[in-house]
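Here chain A shows up in two complexes: once beside chain B, once beside chain C.
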Partner chain A sequence: MVMFRYLKPSAAWVTEWWKNSSQASSVWRLTRLYTSLLLLVVGILLVVLYQLSVGQISRNQNAQMNHLALQQKLLAEELNQTDFIRQFELQAGSSRQYILSLITTDNMYGQLNSVPKNIGICPETARFPVWLDKYDEIRLISGCSQSIEAGVLVIATDDESLYDLQRQFISASLIALLLALLLGITTGLIFSHRVLKRINTFNSIAQRVEGGEMTARVPVSSKADEYDHMALHINTMLSRLEDSFHAIAGVTDAIAHDLRTPLGHLRQQIEQGLIDAHKSGSDTQNLEQMLNKLDAILFTFKAMLELTRLEQKQQSSSFKVIDLQVIINDAADLILPIIEDNQQYLTVNDKAGCMVTGDATLLFRAVYNLLENASKYAGKHAQINVEISGHGFIISDSGPGIPDNEKDKVFQRLYRVEESRSIAGFGIGLPLVRAIIRLHDAQISLQDNHPGLKVVVNFNTAE
Partner chain B sequence: MRILVVEDSADTRQYLHKALQEQGYEVDLAENGQDGLFLALEHDYQLILLDRMLPKLDGLSVLSTLRNAGKQTPVLILSALDSVAERVKGLREGGDDYLVKPFALSELLVRIEILIKRKGESTEQSSKLQVADLHIDLLSHKVYRGQTEIQLQPKEFKLLRYLMEHAGQVISRSLLFEAVWDYHFDPQTNVIDVHVARLRKKVELDGHVPLLETVRGMGYRMVEK
Partner chain C sequence: MKFTKLICAALALTSFTVAADDDALSVLALKRASFTLEQAVEKVTTDYQGQIIEFELDDHDGQSTYEIEVINLQKEEKYKLHLSTADGTVLKEKSRSLSTLGFSRLDDDEYQALKELETSQFSLSSALAELREQYTAEVMEFELENEKGITFYKFKLIDQQGRKRVIVDVKTGEMIPIMKH
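Our next item is the complex of A and B:
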């Protein structure tokens, strides 16, 4: 009906706005949902109300006119021309509500003095302007025409007041919808903001725990609602997690003390035996092998303990501002002979400097470890590149690379890529590197170098 | 040559006692911090081996008390605490070297010898070093074997310099790494051997007596035969 003419452009506008803001946060999403529901309910109510009031009147009016037209048609069939016209003039004269006219081939009867153009055939009604003596002005009336025996019957009614009502109804409806929209947005925003504020608290706490702050807890309010229940559960979970964390740390410390000491003593005894054997000139090969194996065990062990410690550690106050360029050049200096022995090539592009806050020894180890890995796995004649960017560094090689599905796994403790099992190693280097990088609040990612592996390390540099 | 060993583990104490005696040192033993401090203040030792986690008085307190009392005896800290921060703490309190447990005896002996020798000749500063016909000029960074000038990379120069400064002494791989790169961890690969092999190739010329020898299981030694 008429309302849809107004609704169509506004609906288009709403869908456009909807699409644009669909990436917004859930505050907006919730508000939009709430507002559109409210608008829908108010809209339906208005449509029903319209149908029951204005619609009903207009339908009644049309039905009446059709009824009248039909009546005249039947009468025209029954009566002769003169009787019918007399009857008609009587009817037209007495009817207050309806304006009746009859146009025959040679004359016109009734209240109209001309045949309106574009008039519909009953029961289709249309509005048209006429001069009405009663009001002494041109008015818009609605009516229809019906051809009968005697000519064409025009039946109409003055519904200016109904039209006024309709217009008022529509403007009132628009105002109501606008109010509903405003109400929806404000209340929606307020409520969803309240809800989300609490969810955001949960998020920030989770983030702090992720960052290693195991003591962070979600605040619990006195309202004892669902959120407080959730907060209590999360806090309990965090406490458990913290306990087991400490338990692990405790176990590793215990291992460090209880297992390392006897292993250390074992090492001392073997070494003593070695010295004695040297003196007596007997064969030392066996003892040397034992010592090497024991050293390998002690090394893995030390690295594991170190890894655990690094993963639990938080950024230390002993961190200093360090020039990454120095660290990378030192590491490149150290690895260079090995790379040359493997017939590989190393280039360092350190044009862009990078200052970071951190622990020089740890960063050196990380860089050296990555270079060592590149040299170990890239194969003969590989080209290894180190590039310092403003935010960190990139180490790339032209070796076989790592399959995509293993890129994450190589950071797991003791994980080794299938093809690399033949190469000596413990699967602890990359986890250690990642622990060091994370300790520095930096990110490490493995990418494809087409061909080869590209290790990208990015620091959150201050600028 | 008298060395004080302050160590609470009986096994390690006996082991150190035996090993050091075999090297010709006289050894005094203390099993806790208090006794250790008492002995250290009472006598003049060439060196103190000090554990960190000790009953009664911890190692770092022993060390700081000793230094405050004006005793400058070289102290080598032995500790299971192996992080760089702990190491820095130990050296700041006045330790001269820091060795992480479990350690190799060879490493310990090398470091003991260096500490004792350093104490003896710390005043002597020369701008030239010489072993047989190998000379290096510390100011111009030039290296000569006889009349032949040898071109070295900066790190190779540092390596050679450290070995020549400690000519006659066995230098372990980790000591070399610390001295040349100044990072404190064990690269645990043969990377230092590769560097020494390169240096050797450049320095040991045909027709000259070999000077840089490998001491099996211990490290390297620059020696004039």
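Our next item is the complex of A and C:
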């Protein structure tokens, strides 16, 4: 009774556990498979063992009883009644294992004094109780009845010890299965714990590399097993990657260094040309255009160099705890004239404060870039909102927004959304912003503002 | 050595004869009874609203009596009664509560037997009548028991040939075969 009260919550617990663990790690799935296989093997073994021991004895007994019934039936047909009864009494008296009885209308022979109720007709056997006068107790025996000319023949055998054996076998089997289950789960848990620990080291190293720490390497143990092989391969791969990364950075640096000086000279010459043209009063329009274009090229170069540097940079010890509100307010103050020029509106909602660890100059650049982008692409009379939350900030505008399939691409270097090609720009602003945000171990995502674009930046603050 | 053996044999013999005498007396008492066992069973079951778990012949102050034990599960009371075989008056009544400090005095087998008897269609008086008819013998003793999950009444009958035992399954109302060895 008490068990039923606990049955429902425990069943709910088991299903809940199963549901959760079915989504769990691969090693746990392997554990479950292994445990169920173990249980299956133990179960099959037990069934076979049962059939070979208890089942065999039981089958033998039934066969023997049926054999006896058939034999007596044949004898009853062959012999006359007196002879039959004489041989029957002899048989019943001499048989130790089987209880034989013949109940006729007016007499009974053998060991039982009446035909038990609910007894099966041979070869169908059933269990029924008999009273043992000698021991003053009830005993459950198995047997069947056979109608013959003289009366009803009852053949039975005392199989109580066999039933006890059966019960013991079943309880022993249950214990064995339980032990197998425990063994399976414990070994599985130990395995999963060990293997997962090593796999998680790989994962954490991969995460560190993703975060820009190119020098991170997977530790190699002295066991020289498959994991160590994998670790060695991954480490070699990482070294190669680091080398190529440095090579590319070197090339970029070299190009920048080599081109910056001649381009600087070119700029000086154009400026000189402009001054000369002013003096001589000739047309300067061409030269001015050249200068503007050269400036744009120089700016892109500078930005690209900076981007490379930022992407390679790691969180430095120079980071300080800064108030995001101050940075955002500074950036908003600086951008305000441009926004007013474009006949747009800017509101800053800084009800919640947000303290982050980082580089104030870089963060200022990121916020300014985002605000500048909003102003540049949102169009006239657009509403631009900045909201500071506990974890970061959100900049939203009411402009045309960015289509969903381009939201990821705008973070690539030099990528530009098709519709915005008419607006001046080099597609280097958002990659820069992202590099800065990543440097601060924060996430940036673009969302729909219905209408417009919503840029959400979340820092991993302690709160 | 021989002497002790002789004593043993003598003792065994006397005890046997005493038993035989006892049986004869019991038969006599039952033959003389004007208030039958069936009547006594009927009276006790209605008066005490319980189930009879034991019966035997006894005597009280020189009168022969039916000694009957009844259990009323609702009231948790056990009664031990002496009914006169002459007119069925209750000569002696002893009652005892079945629970002490909330613990039942009944063991599991006894409780199981009573529960099964309660739910079954079994009627003790009709079983008694049937036995008397089938065996032309007197019921001298009976007792309710539960063994190996089977609840049964164990009757001790007596006739000219001697004692006889009949076991009746309460659940089915059928007799359980008796096995000789």
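By our rule, the second predicted complex is superposed on the first by the 348 of 463 C-alpha atoms of A that agree within 3 Å, B and C clash if a C-alpha of one lies under 4 Å from a C-alpha of the other, contacts with A are read in each partner's own complex, and residues count from 1 in each chain.
Just so we're on the same page, a contact is a pair of C-beta atoms (placed from the backbone, for glycine too) under 8 Å apart; a residue touches a chain by one contact, two chains touch by 3 or more.
What you are looking at is a predicted structure, and each value in this text was computed from that prediction instead of being measured.
K.L.:
Just to be sure I read the superposition right, which of the two partners does A:Arg365 touch: chain B = first, chain C = second, or both, or neither?
P.N.:
Only chain B is touched by A:Arg365; chain C is not.
K.L.:
Is A:Lys302 in contact with chain B, with chain C, with both, or with neither (first, second, both, neither)?
P.N.:
First partner only.
K.L.:
So, does A:Trp131 touch the first partner chain B, the second partner chain C, both, or neither?
P.N.:
A:Trp131: touches chain C, not chain B.
K.L.:
Which of the two partners, first being chain B and second being chain C, lies in contact with A:Glu271: first, second, both, or neither?
P.N.:
first
K.L.:
Of chain B and chain C, which one touches more of chain A's residues?
P.N.:
Greater contact footprint in residues on chain A: B.
K.L.:
Under the stated touch criterion, which partner chain does A:Lys117 make contact with: chain B (first), chain C (second), both, or neither?
P.N.:
A:Lys117: touches chain C, not chain B.
K.L.:
Output check: A:Leu263 vs chain B and chain C. Expected answer is one of first, second, both, neither. What do you get?
P.N.:
It touches chain B, and chain C stays clear.
K.L.:
For chain A, what residues appear in both contact lists, the one with chain B and the one with chain C?
P.N.:
Chain A residues touching both partners: none found.
K.L.:
Taking the complex as given, what residues does chain A use to touch chain C?
P.N.:
Per the touch definition, chain A meets chain C at residues 99, 101, 111-118, 128-134, 137-140.
K.L.:
What residues on chain B touch chain A, complex-wise?
P.N.:
Touch list, chain B to chain A: 9, 11-12, 15, 18-19, 22, 80, 82-85, 88, 101-106, 153, 155, 181, 183-189, 191, 194-195, 197-198, 217.
K.L.:
Which positions of chain A touch chain B when the two form their complex?
P.N.:
Chain A reaches chain B through residues 256-257, 260-261, 263-265, 267-269, 271-272, 274-275, 288, 291, 298-299, 302, 306, 309, 316, 318, 330, 333-335, 337-338, 341, 359-362, 364-365, 368, 372.
K.L.:
Quick one: which bits of chain C touch chain A in the complex? Just the residue numbers, please.
P.N.:
Spelled out, the residues of chain C in touch with chain A are 147-148, 150, 152, 165, 167, 169, 172, 174-181.
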